[in-house]
Structures are given as structure tokens and as C-alpha cells.
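So, here come the structures, one by one.
The following pair of complexes shares a single chain, chain A, combined with chain B in the former and chain C in the latter.
Up next, the complex of A and B:
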């Protein structure tokens, strides 16, 4: 390198600190400060019904790279991607069961398509899927619980007589009839949402919710 | 030179990538996914920065995923690192459009150092590790664009319009030149890449055409002034615009390393 070129290459310390360190650092810090508060807790925006095999929500948000391959793999087009209103969950896959529930394909193509492990490849049987748990949220409006012979959710359940059973009991209102009550069994329900889709009421009385955490307590009997 | 060979080829590749991302919509199945992760003719592809973020954010290690990310990194290393920016990335195409728009309106001239990309890469890694979410995949205009193309992401298009507005009014090619952390990653890869631009000082007439079209003129000009044999900077996108515009043919693509030093 000749003397003249060295002259042009020489940068003063002040110039270097200002141009190459201070400004970029300030930019990144400012950007970070602007964006970090908008990263809300994983469950801050309520429950998203994730595709089969999804890791626990917090881990899922970290492992999902928002590529959309599961959306393209789903033959029923049940999986869609969250939009900007989903905050940190933008671009993550979810299912609106009332519109198109998970049909529980036996080969689970969505899990196979996931590159990053956000959908756990260890889940290979539909019975092992745990997307959520169906809950009858509106007993007053459930036709079966009111004493009619509806039981549509029970008939449509892919795990009929395992995830949903019919528990007959006396109908105290009429005195002579039976109430055929659908009961969801948390240990068997996979949370596919087919019951939510099939509920005949205008607003579904059975919906898929986040699976409640098991609680340890002294009330064993 | 009127016939802009490399620019035409590059445009075809860029549009080809867009078509590839949109192809599942038309019912084709040879490509699936997006630029974050995809599958081309059964070959799994993964964005190395996305893979890094998954490991940092969740600790989930999918070996096949990391291997495909490594493969993609090697591919872009071979072709010059920011080759991804210049030839593949749809946001680069968008900011090139912004560059054209700048000719029509009074445009801002803010200059932010190219090195900021590297700092952004570091910031993304830190925020990802601290927050437990792959931060860049959430805010990335690249992800937003590809999702908007492959799926129906209309609200993401608003963000892209905002980006274009900033590009035009504030600073030329702000995102691609100075801010994109993925560009920062590929700039690091590109420093040691074998595909480079070759400069023949004997042919150069110092007309300055190349520095006018170059998106990163501040790394091109010192190399030319120095009379170096190769442009060694990782910031060079290998877009070939200088190759096309040089009337003397002093700039060409070359493959391999020259021993001669020169500015990075």
C-alpha cells in the first residue's frame, strides 16, 4: 500500500467512533427499545388452536419460523397463518375449528412438513395429538343437556365413545325421560375441533380450549 | 454497453423466485414453503438465520433443519454471500423499485453505514435469545413478502408499502444496504466467497459509470481506486450492474481468490 493511499484510508478516531460505532449502535438500541415491549407473553392474545403436534405455546412461538409449509401440506386447508394483528404470533399457523377443523389425517402431513421441529415429529399417531380440549361452555343451550336427542358432537367425534361419551341420566324436569348428556374425557380428547364445527347451535356450545394443566392437590379420593 | 446481459438474467431469476413462491397457489407441488424454509423438488432448504434463531429462541434442535441451513449457507458462500440479496430476495427487488421511484420525486439522502447490518444481526441474536421468539422472522419484510405472495397476507403488504415509503423519502436502499440482518449474515459469508467481481485497472477509463449504478458504491470505489484485482467486500451483492454498464469491459465476474490484497 503506497503512502498516498494510506492517507486516504486513514480515518480519524472521532470519525470512526461516530460513523462506525455510535450511529449503528444507537440505531440498533433504538430499534430494540421500540420492538421489545411489543413482544408480549405467549398467551397474551388468547388461545390459538395450533396444528397437531405443536409444542407448548411458548416453545412453539420460539421454534416456528413462520414458513407456512404446514398450511400447504394440509389437504383440508384447515390451517391458516396469523396476520399482523397476532403480534409475535404473526405468520404462525392456527386453525379456526368452527370454519374448518383438523380432520386428523392418519399420516399427519402437517407434522411431516414442519422443518424446524415446532410440530413435534415424535407425534405419529392421531390419538397422541393434543391440540386442546373440547369443553361444553354453554350447558343451557346444549340440546342434549336440555333433554333432546341431539348428540351430533358425539356422533361426529373421530374418537367416539372414547373422547366423548353419552352419559344417560334421569330428566327431573319431565320426570319420565332421560337426558343423554355428552361428556368430554380430557385424557382422550385430541382437540381436533370437529365437535365444535358440527355443533348445530348458531353459536357452538362445545368449543376447543387450551388443555388445562394437571393440578396436584390433596383431594385424592 | 447497451445490452444488459446480467441485469436481464438477474431479473429473470428474481421473477422466477417469485413464481416459485407463488407456484403452490396454482396447484403445483415442486416447491413448497417460503424463503424461511422450503422444499424444492424434494430438497429441503432452510434460511440459516432462521435456523440460528430457532436454536437460540427455543433450544429445539432439528438436525435435518440445521443441515439444510448449512447446505444453503454453502450454496450462497459459493455464489458470493449477498448473491442471495441481489438475485433471490424479493425485498431487494422492491427496494430496486424504490430506487427507480427516487428519480421521480425529491428524495432523502440520509446515509447509514453498511456495517449497521452486522450490528443488526447481533441485535437480532440477542433479542431472540432474550425474548424466546425468532425475532427477525416476526418483523422481517422478507418473511412478510413471501407470506403475502404464497398465502393471503394483505395486512403485511401495508408494512411493505411503509418500507418503500421510508426507502424513497429517507435514504437510498436503506433496508438492503444498511439494516437487513440477513444481508449482514450473507455479507459475512461473502467476505470469503469465491465468486467475485474482477477488475482490470488497465482497461478502466475512470468514467465512473459503475459507481453510479452500484448499490454499495462505498465498497466498490475504494477497490477501484486501489487498483485491486478483485472486489473483496462482503457487501457486494454480485448483482452485475457494474459489469453490464462498464463500457470498457474492465469489470467481469470471476471465480477464485487472487493473492493481491485490497480494501474489504
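Up next, the complex of A and C:
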């Protein structure tokens, strides 16, 4: 990120936003104009990557008053508002990780700014955030799994060695090298999407998805 | 397509197997094969000193793909993420394609004739007015062997000045002086096979996981196969290497000197050494102490080695008790004892690996000597799987800078200008009178930029490197470069850089497979490649540029070649033959996936100085340090004390600053910075701070911090959760970012023996910005 330049851009935009009266509407329209259609909004199963602290989707849709405060609060401009194609979710905040993921600000300003409780104020630590879970969806195209020394997702993970770890195993193809496979741990991954953004493949092979529901059984392993 | 690709790979593998079956003799391997309209050729990777082999796919005059070369013994088809994007590094939008000449504040396009005429006239004027030592060349460990050789020959045998230095002085000069003082011959005895064959690995100031990625994956695989393998990482910062090591040992900056002496202390105290090996192969010496830091201009140092006995060495080690060194280093005495025992364990095959933590050190030569001491005491050297190994950061730091000898004091094949015999031999091969080569070295890199600042050097030509981002105490040297007067700076590069912006003439260069080339990697492996594509626009080979200047200065007779690269190589090869540095005929390299010298009778050498491997060691000799004639063919154990860093934290500047590299970006980022994927993966330098220090400063992750030294100040984003974790009282910043040039803060103190600056230690303060 090129420091000073970025800074002024950010401030001036925020300034502009604050001055705007018809704010939520303006954001919705602007969002629609600015985002590239190929970028992932909701995934095939209707999953939106919501800002940190968002309640479960149904409750969130009920609680969110579409005020756009969290959009203003985000210093990285990662949060945007859903457009007309989102149906009932129109005007709700979401994140396109591949374009600008959640940077997990230590003080979570988006949650603090939320007047409705749609972003849960009880979430005060980044480790407790659960926006979704990163999943390697395309193992065959993952350079690390193919034995190259990539692991960019791992090294960029804000919870490195917790949410993503490296599981080394022998590479039988060369006989003398290690496959350093990034493995996501569901109980630690907060779903910020930094891995999805940083993946070097044209189509990211690691993406954030809805966190799977826990399924109970008696096994302890 | 898929089938044909597989067939091609099979063919390559078969060829490699054939080569192996013929006992490493040079088998014919046709590396050029067509596939889907893409023509594939072999080349070593353009980036680090590992020397991975890649196959370069060319279609319609453009590089369309690259892939790891399955037949390359170094990497067997793998690459790191930088190597993966090799096909993109030459195609940034802002490639330089025309010579540029400064007209006032503007750079104006010019023809090659205009540019070369201007350069030649500046050289001629300066030489006539101020003598040959007023012109200089600053080159690179990324120079091909031909480029380095031509530049050295032109300057030393043509212009008649030793004003030639490589950026390798910033990078591994201490490794060279370490090898020279201990073994009287540069470069490692071991090779990468040691990564597969050993069982105990000590890493010193080396973040292999990020800086030598493919080698690290090889090291980790050894541990996966063999539960006995232990990896111990000594460092001042917790890295991805530390994370995968069996043990991370944090020590206070600069105390590696004391730690290695403590290890030797325990080995000697408890008689864990190999008495037989010491008697046969080792002499003891001491040199000067309190040797200074080179902070003042024209600093001069000459060591005064004195022999000593084993008993005297024992006395020297006495103060380095584990208890004393524990206080100094912060490493528990018990840990030091354990480490010494691991080093000495007769059932273990022990290796030490190091990079910039050792070399970029105000006592870099000493700390290199000290690690050899431990290997020499225990006899764990010159054996398969048991060696000290200096890793390098540039693709031909070894092949060009060191072996060709593009340093002010060096000549090819370990020879030096100070030695009359050496000058005579070089002059004879170069076809010039022996008096032509000056006997006195002039400036090493830092002193060269000081001389430019003072105005003693008027004309400086920079090739294949970016010193106005990579030099320490950068502000002084950047200002010095633009002080005007008679100063005239030429920079040859492929992109606009922080160095081209200071130049009077910018020359557009050809890079990598846009020219025929030859690199030498860290394990003595020479690797050749052919030109595969044309450079863009009017860009031209640096080799051509140097020879063109020679022609215009009337030294064209130094380069009387038709097939320049081949004939030049065969001439250069004469220096190496019979010297234990023997290179194979050029033809052999065009076929092989590299060969490790000495190559005698077509056979490469895996372990130097070792009977059965090195053809220079006779049957029955076991190990022979045959290059160390002055020391009766023995290696030297040096008594080198602990001495403090040039600048340590104090109340005003309470933090240590360490600089370094990250996996995604390479050196000053001029190539990797043009790859959008790599930029997205790691876009800008950040400042790693320990969470407790950050808390005290009320700095959170992502906040801006101002980092200030006595020399400069920059604002960076604080990183508290990243891949590297600063220790308390330390901060770390990568140096690749051209918008955040951390080297402005670095001190230009250097090792008095090697002249290599210490980029790893200076004092800074932090403020929330």
C-alpha cells in the first residue's frame, strides 16, 4: 500500500460521504456502478460475507437498518452495500474479499458504529469474529499443494499458525522435497478473506464460505 | 497437449537418468523441445542464489510460460512463487526501451550512438583530467559471467583501475573473506546434497523458509523421512523458519560471536573435539582486535595474523563460559551446553547454514571464521552430509562476483591484484603487459559511494543493480550522486528504479533469456542458457554495452571474439584450470543442468577437499585443504573475540532495527514489483514490532509508526501479527519497497576485513505517527 497517497484518498472520500445527505441510497447506487460484475457477491448458496460481528443471516437482515454507518467506519473501504440484485438484502453491508477483505482492525470500528445491533457489540476481540470460514476449494490449482513454495495465504493470515497452519508432507514426485500444504482450522478462522484476496492464482483457490454448522457425534477425534 | 507434455517430461527424465548412469559424465540432453507451438529452453531462475532450473516457453518471440525443470537436480521441477511468475518479470509496462540522456531535469530519448558517445567522452575526459581512478563500475551478483568478466577485464586490464565492485559486497563479501582466511579458497566444500544426507542443521541468521524456499522444502523433507533430524534456528527474530524448526534460539543481536566461542569453549573444555583431525588438518591463529567499524571515510584496516598453539587457543576461549555468554546473549547456559553437545555428537552429521545474519555484520568475517572453528574442532567438515554451508542471495554472486572476481581487490579464480604472480598470470591471459593491472585495490562498495559523494570518483557506471535503494546510510549517497560538478552517472537497467532517477544517462538493458548467459549458484554449480527472445525496443545486453565502451575508448582489442560468449568463457576458463576451480568446456554447460566445479575430466565435484570426491585429493589423504599452501595445506581456527555492534540501542534510540527479505519480493523489488500477483501478495514494507513494545507505545496493528534513526526517518504500518515476529526491543523492516526505503535509516558501518555493511543492526526510535 503506498502510504501517504492512500491516506489522502481515504480521508477525502470519507469526508465526501459524511457530507452526503442521501447516504444509503448514494452508496447503493455507487456500489452498483463501481463493482465489477465478475466479482463474487453472494456465492452460489446465497452467502454474503458480512462485516465482523454480524448476527446470523436471518436475524441480521431483520436487525440491519441499512444506515451505511459501518461503511463509513471502515478505514479500508472493505464494506459496501448490496444492490438491487440482492432482493430483500438491498442496502445491507457486505464484503467482496477478493477486492478488499476485512483487515480485522483491533478496535473493530464497524461494530462500534452499528446503531442497530446487527453487528453484535459483544464481539470485542478479532479472534471472536466469525464472518465465515476459508476453504481451499480448488486443490488441484493450489500451487502449495502442487509442491511449489507459495503459501501466500498462510503467511498473510492475520491468525497465522492458528487459523491456517502448514502441514508438511513428502513430495513423492521429486523424492526430496516437501509439500507445504496450507490447512484452514475452522475453529480459529474468522473469515476475514485476506487469504482469498492474496491468492496468486487468477481464480482464488481459497475462498471464504459460510461456516458449516457443527455436527455432533460421540467421537473425540 | 497433455500427452505430449508428459512425453516431454519423460524424455527429460530419461536424459537425466542417462547422465546419472554415466557417473555424472556429460550426457547429451536436448533441452529444446517443441510442444503446442511453444519452444522450451533451459535456464536457471533469475532470482536467488539457489539456482533452480526452469524451462522457458517461447512462442512468437515472447516468453509465454515458465515451469520448474524436472531434470534440474537443484529443484526437480519445483519453484517458489517468485520463480512461478518468471514469465511476467520482463513484461512490466514500463520496460526501458530507449537510451535516455538527462537534459536539465528531463530525461530525453537518444540513440545508442549519442548515449555511448557521451559516455565515452565523459570517461575519456575524466581519465585525462583526474586519472583512471576517477571512473568506476558498480556491478552485480546478477551479472552473467560474461558481463562481469568483460567489465573486470575492461577496467583492470584496459582502463587500468581497480575501481570495480559488485553489489555482492553488500551481500556476501564476509563469506568470501571467511572462506579465504580459513581455507585460502572461496566457496563451500559442501553442496545441496548435504540437505538430504545430514541429520543436524544449525541455521544462523538465515530465514531459509522465505529466502531459499526450495532448499528449505528439501531440508524439511529430510526431517520427514528421518526422525533423527533436528533443525535448530538461531535468530534475533521469529520467522517462518523458526516456526518449522525443532528449536528456535533467540539471541541478542551481535552476540552470535560470543555464542560460537562458548560452543567452542564447551567442546574444548570437555574434550569433545576430534584430536586426530585437528592434528592433521588445523592450525591456530589470532588476528588484531578492536578493529573498528569503518564509519569514517577512507577507513583502512589490515589484519596481522599471528600463529598460536592449541593451548593458547584454549586460553583464549576460557572467558566464554556458558554462564558469561548466557548473560550477554540471553540464551540460557543450559541451552548453550546442549547445542555444543549436539555439534560435537559423534553419532550426528552436523551442518551449519547461514545467510545475511552472518554476512551483513560488522564482524562478518569473524563470525564466518567462528562457525568454521566449530566444524574444524569436531572434524565435521568435507564429508557427505556434514558441512558448513554459506547460502547466497543472488543468482551469480558466486559464479560472477566471486569466481570472476569483480571486486576491487580480486582477479579470477581466487587471485588478487596485490599479488605480483597473480597480476602476471591475469595479464598474460588477458594479453596485456603486467604493469597494466594496478597493484593496489581502491574502493570497496561503501567507500566507492563515499568517494562519489566527496567527488573523488567522477564517472560511475551502474549495471544490473540498484545501489541508490540498497546502499546503507542511503541519504548521504543519494545526495552525493546529485551533487553536480564533474559527476556523471550511468545506470543500465530494465525498468525505472530509484537508481535510474539519479542517472545522467539511462541505458535500456536486455535481461535473463533476452541474452545468452551463465550463472553460478551457491553450491558451485555453473549453469548456462541461450538467448530465447529479443529484448524489447532498443534494449541491449550489458555485455554489449561494456564492450561498446571499450571499443570507443580504444580497448576493443580486449574483446576479439566472434562467438563472444563462448570464446570469452573459454578464455576465462584458463584461469580456473589446475587451480581446483576447474570449469568444464562451454559446450558441456550447454547440455548439462549445471555442473559443480572443479569439473575434471568431465566429472563434477560434490565435496571439495574430500578423498573420493575431489580429484585434487590423492588416495590416502582423506581430507586435504590443498588450496591453503601458506598454512601447510591446513585450515585455520581463528581466535576471534566478541566485540559489540557499531551502534547499539540507547535511551534516545532504544530499538534494534534489522532489515531483510520476504518470500514474495526480491531484493529492491524492481522485477517482482512488476508482477501484480506478487504485489497483491505482499505490496509494501511494514514494521514488525513486538506486541509488548507496541502496547507501551500505544500502537495497534495497522497503525502508522514513525521509525527514526540518526540518519533517517520513515512512516510505516505497524505489523504485530505477521509472518515474522520481532523480539522485544527489536523491529524488522523489509528493504524491497521503493516507496519506503528503510536503508536510509541503516548505518554504513562495515566489517573492516570484508567491507560488508551491517544492515542488521542499528539503533532506532519509534513513535506513533
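We adopt the following convention: the second predicted complex is superposed on the first by the 172 of 221 C-alpha atoms of A that agree within 3 Å, B and C clash if a C-alpha of one lies under 4 Å from a C-alpha of the other, contacts with A are read in each partner's own complex, and residues count from 1 in each chain.
Here, contacts are C-beta pairs under 8 Å (C-beta built on N, C-alpha and C of every residue); 3 or more make two chains touch, one makes a residue touch a chain.
Values in this document were obtained by computation on a predicted structure and should not be read as measured data.
Once the two complexes are overlaid on the shared chain, A:139 sits clear of chain B and of chain C alike.
After overlaying the two complexes on the shared chain, residue contacts for A:88 are found with chain B alone; chain C is out of touch. Comparing chain C and chain B on the residues of chain A they touch gives the larger count to B. In the superposed model, A:128 makes contact with neither chain B nor chain C. Once the two complexes are laid over each other on the shared chain, residue contacts for A:73 go to chain B alone; chain C is not touched.
By the document's definition of touching, of the two partners only chain C reaches A:105; chain B does not. Looking at the shared chain after the overlay, A:177 reaches chain C, while chain B stays out of its contact range. In the superposition on chain A, contact of A:161 is made with chain C only, not with chain B. Within chain A, the residues touching chain B in one complex and chain C in the other are 1. For chain B in complex with chain A, the residues that touch the partner chain are 24, 32-34, 36-39, 44, 46-47, 50-51, 53-54, 57-62, 64-65, 68, 112-113, 115-116, 118-120, 122-123, 126-127, 130-135, 137-139, 143-144, 147, 150-151, 153-156, 158-159, 179, 222, 225-226, 261, 263.
Note for the complex: chain A touches chain C at residues 1-4, 103, 105-107, 143, 147-152, 155-156, 158-161, 166, 168-171, 173-178, 180, 197-198, 200. Every residue of chain A that touches chain B in the complex is listed here, in rising order: 1, 5, 8-9, 19-20, 23-25, 27-29, 31-32, 35-36, 39, 55, 58-59, 61-69, 71-73, 80-81, 83-85, 88, 90-91, 113, 115-118, 121. Residues 68, 75-81, 84-85, 196, 213-214, 216-218, 220-222, 224-225, 240, 243-244, 663-664, 677-678, 680-684, 700-702, 704, 715-717, 721-723, 739-740 of chain C are the ones touching chain A in the complex.
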